[in-house]
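I have a structure here, written as structure tokens, and I will follow up with some questions on it.
For clarity, chains are labelled A, B, C and D in written order, and residue numbers in each chain start from 1.
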Amino acid sequence: MNIDDIKKEFPIFSNKVHNNDLVYLDSANSSQKPLVVVDRIYDFYTKEFSNVGRSVHYLAVAATNLYENTRTSVQKYINAKDKNEIVFTKGATEAINLVASTFGQKYLKEGDEVLVTELEHHSNYVPWHYLRKSKGIKIEFSEVNENGEVTLESIEKKITKKTKIIAITHLSNVTGAILPVKEITKLAHSKGIPVLIDGCQSAPHLKLDMQDLGCDFYAISCHKMYGPTGLGILYAKKKWLEELPPYQGGGGMIGEVKKEDITYGDLPNKFEAGTMATAQVIAFNESIKFLNKIGIDNIIKHENELIEYGQELLRKNNSVKLIGNPKNKGAVLSFTIGNIHPHDIATILDEDGVAIRAGHHCCQILHEKLGLVATARASLGVYNTKEDLDKLNSSINKCKKIFE
Amino acid sequence: MNIDDIKKEFPIFSNKVHNNDLVYLDSANSSQKPLVVVDRIYDFYTKEFSNVGRSVHYLAVAATNLYENTRTSVQKYINAKDKNEIVFTKGATEAINLVASTFGQKYLKEGDEVLVTELEHHSNYVPWHYLRKSKGIKIEFSEVNENGEVTLESIEKKITKKTKIIAITHLSNVTGAILPVKEITKLAHSKGIPVLIDGCQSAPHLKLDMQDLGCDFYAISCHKMYGPTGLGILYAKKKWLEELPPYQGGGGMIGEVKKEDITYGDLPNKFEAGTMATAQVIAFNESIKFLNKIGIDNIIKHENELIEYGQELLRKNNSVKLIGNPKNKGAVLSFTIGNIHPHDIATILDEDGVAIRAGHHCCQILHEKLGLVATARASLGVYNTKEDLDKLNSSINKCKKIFE
Amino acid sequence: MNLKELYQEIILDHGKNPRNLRKTDNFNKDAKGYNPLCGDKVHIYLKLNENKKVEDISFEGQGCAISMASASIMTSLIKGKEEKEVKEIIKDFLEMIKEKESLNTKLLEEDEKTKLMCLSGVKQYPMRVKCATLSWHTLISAIDKSQNEINIKSKEI
Amino acid sequence: MNLKELYQEIILDHGKNPRNLRKTDNFNKDAKGYNPLCGDKVHIYLKLNENKKVEDISFEGQGCAISMASASIMTSLIKGKEEKEVKEIIKDFLEMIKEKESLNTKLLEEDEKTKLMCLSGVKQYPMRVKCATLSWHTLISAIDKSQNEINIKSKEI
């Protein structure tokens, strides 16, 4: 599969937006879906549909096998040690809530500290805030520097004897900074502190290797990874899944149920209560295959070229200000244009078919730090090209004209 | 749309199972999907895909409108007072967990009682069990009678001054008993006790009217209602959604986020953290349209005929024993055949393309009460016909032969 | 009206030079509005005299061109009106933005209506409708003083 | 082998008249197995002599024809074997059920292997594989006494 020609795998690009070709630069929000994934959903529902894990009839057995095949594919893709370390959730948000809730319940008490960063998405802050309210824990914030990065040092500075878990993003969805998560994990482990990584933005763009990273928890959003909506993944080391109490309760996650007491099922069932997102899990296998077919090295190379190119373009465009200048930068270009409000930018660009996002991108703390209410953000996917960035740039120029 | 001819709306029925026509009798587990629903998913992903609620570009705006349209359709379908009383979840299990967790957190303390029934699905017991563990509440069980019913009286008997919430199924997924939920709600409310109804099995088969029922919470599984997997609905009276604390934390559900504190968004956003199951919600609108097109009255009539017919057939078949004989019975036929283990029955029926479920159907407490480890269950959907039940019956006869 | 025209008009007229962007001295009613989705903020100050007439109205805030222009136009139309009249105008505007083709109120001059109709282009952009209506919802809550802070997300539009 | 044949053979041979369905007197090892999915339960009793030879083995339990037949066949094959041999047979059986075409062990006679191979028909029914393997996993845990109760769901097969 030639990456320069990958747009044609995505049917959405044959549609027009306001009579223009779609220039989709909102992949950090959610990625478009290749045809293979959509076809898989279609075929599953029209030819093979059944619930998994419960019935013994033909369709149920086939569906269960397909469902578990995805678990194995994910395991391999992220190089987890055991397929039962892969838990399917409804999204990364649920994955993080699962950890915060169960870890908090079992291990956190008043005065304990959870260390996050100023870069965190609300999904990696609000769940910890709940524990602040319910248990009186403290939340510490590692500082972001003027390049929009969080360094190993700034993490180290905030670790205390009371730090019980470190929860950090792998790749900032605003500045694009890639955090030194492996080093942070090593440091944390040397002090006996487990690490949760919010991998929402890294998972579609970086090479994932859980055993190499060594982290304890890793949260992924499948819909940002060329997969269906309504699906996420929690990777967690087996010992944690064994030790943590279950999260939601219901069918499929139990052992024996009596009026007086209940025992729970084994991994990963213990954390997959109720009917799961069967069709989505099964289709996500195609997303993994799609990524493997292109090859993550090719994806990284392609996207790095785009980022370079895009940064260059925007830097040269006066009154455009790039937000963050990290050395290690992922597929995100956030910017402002003079005093033009980002929502106005987004609306005007949209007229040209250029889809970007404007707002605080669920990172109010970072925006407050930056002294900005909102930013405009162009984010990239495998299907983007230099022409897309050229169109972004010329549409920005139109926008500047309107507000001149 | 002629209900006797509805199978052709479901593409799965043009496939063979073990070279036989598929006789799908596992709809209580999950229903098959009409083509309109699958097509909607396909079209959305290939022509219109975007995340909702966050970006202001064309696709995002269109998707957001579609997403909210489903909320309005659901509101109308279940006759809720306000569209913001509809919360999308990943399933009924999550809907019940949401209520148990947030209600428990705010209103329950040691010694308080939650009243459930012996008919409950694990999804409506395990979440309450968590509160027993964490808060020391008690769980009381209203008894099922020899017909497999739970009566108003058996509920009344178990209500005490300490009963803080009643959580009951609307339609048993094992005996098919339809509970007098309206009367139970009235009784409960006369004592100031809120009522949660597990509507998983009723939602696809009965007329839903929240304002008439008067219940406080109602949980629905969309995948049992001819909709996509990975989607459920929590109906909750507005005052509850206002008073209860949020459940999962993350993007989209917040107001203002500061390092020291967080405020939450308004209804229903407060309970919809993170990226939701966008495509599934949008496609579910087609499920509702599909149900409306047939008309719930026609569905009820059709399914009642089938239940009558099926009961008659199985009653006449000696050594087949129907489980439960409720006066008001929904689309579920559970049975045993002599000493043949239900899993053997299911496997043998499957050879003929007859898909039923065997096991405890996530109702271990009921099975213990019945003195059975497992039962076989044939459950119905709009697409079933009398011929399906004839095939079930003749396949049962084959099975008996094998074990003669 | 296409969106770029909308931007031209509003920006020329109000976005760049918002009227009444200040804090009324001795205001006797006020309320804050916030749109958590885009971070728009507005604080409306109102001075009603003993006859419930708007003696002065002003606003502070930050936001996009549409929300600033909307607040600017609103404040300039509302001054001098009676509380009852203000409510009618708000209702008319919100209905127009939501569904109606035009404004029906007799309380505004034709040229005032034309100004307001400039904002109708946002109809096609539900997310931006919230920008256009934030100050109006906030004005309601200032008058009613039912809620101190209004959170636009709860509003239909 | 198609499934109905499978049912015929097993049922004729063991399902209806399970061997060793009782409780060994003076057993010195035992373990319980449970499949929460279908409610199958088995309790294996083992009497090893001083040479670690299986002097007696029996089981109690309830379950489907496949799980009962599997336990019955297993117990009749295992009697008289040494612990090490038992482990080899279990391993061979589990591998066969999971992926291999046939049984490789030299510790069983051809007719014993034929009996066991009857169970291979469940391969196409992963849910039922658990029925066929429950007693075998339970036997491992009886021998190892690592876990008292074994929960089949955790096992790959």
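Observations, loosely collected:
The working rule: a contact is a pair of C-beta atoms (placed from the backbone, for glycine too) under 8 Å apart; a residue touches a chain by one contact, two chains touch by 3 or more.
If you're wondering where the values come from, they're calculated on a predicted model, not measured in any experiment.
Chain centre most remote from that of subunit A: D (centre = mean of CA atoms). Chain centres here are Cα means. That of subunit A falls 38 Å from that of subunit C.
Subunit C and subunit D have centres, each the mean of its CA atoms, that are 77 Å apart. Separating the CA-averaged centres of subunit A and subunit B is a span of 30 Å.
Residues of subunit C in contact with two or more other chains: 37-38, 125, 127-128. Residue positions of subunit B touching 2 or more other chains, listed in rising order: 54-56, 60, 254, 256, 343, 347, 358-359, 364.
Taken as a contact graph, the chains fit none of the simple arrangements: neither line, ring, star nor complete graph. Which chains touch which is summed up as A-B, A-C, A-D, B-C, B-D. The touching residues of subunit C, counted against subunit B in their complex, run 34, 36-38, 124-128, 151, 153-154.
Across the complex, subunit C meets subunit A through its residues 2-4, 7-8, 11, 37-41, 62-66, 125, 127-128, 131. Remark: subunit B residues 53-56, 60-61, 64-65, 84, 254-256, 265-267, 269 touch subunit C in the complex.
Here subunit B touches subunit D in the complex through residues 340-344, 347-348, 351, 358-360, 364, 367, 373-374, 402-403, going by the rule given at the top.
Within the complex, the subunit A residues that touch subunit B are 11-12, 15, 17-18, 22, 24, 26, 29-30, 32-33, 35, 37-38, 41-42, 45-51, 54-60, 90-94, 96-97, 100, 105, 121-123, 125-127, 129-130, 134, 139, 141, 221, 223, 228-231, 248-254, 256-259, 261-262, 273-280, 343, 346-347, 349-350, 353-359, 362, 364-365, 368.
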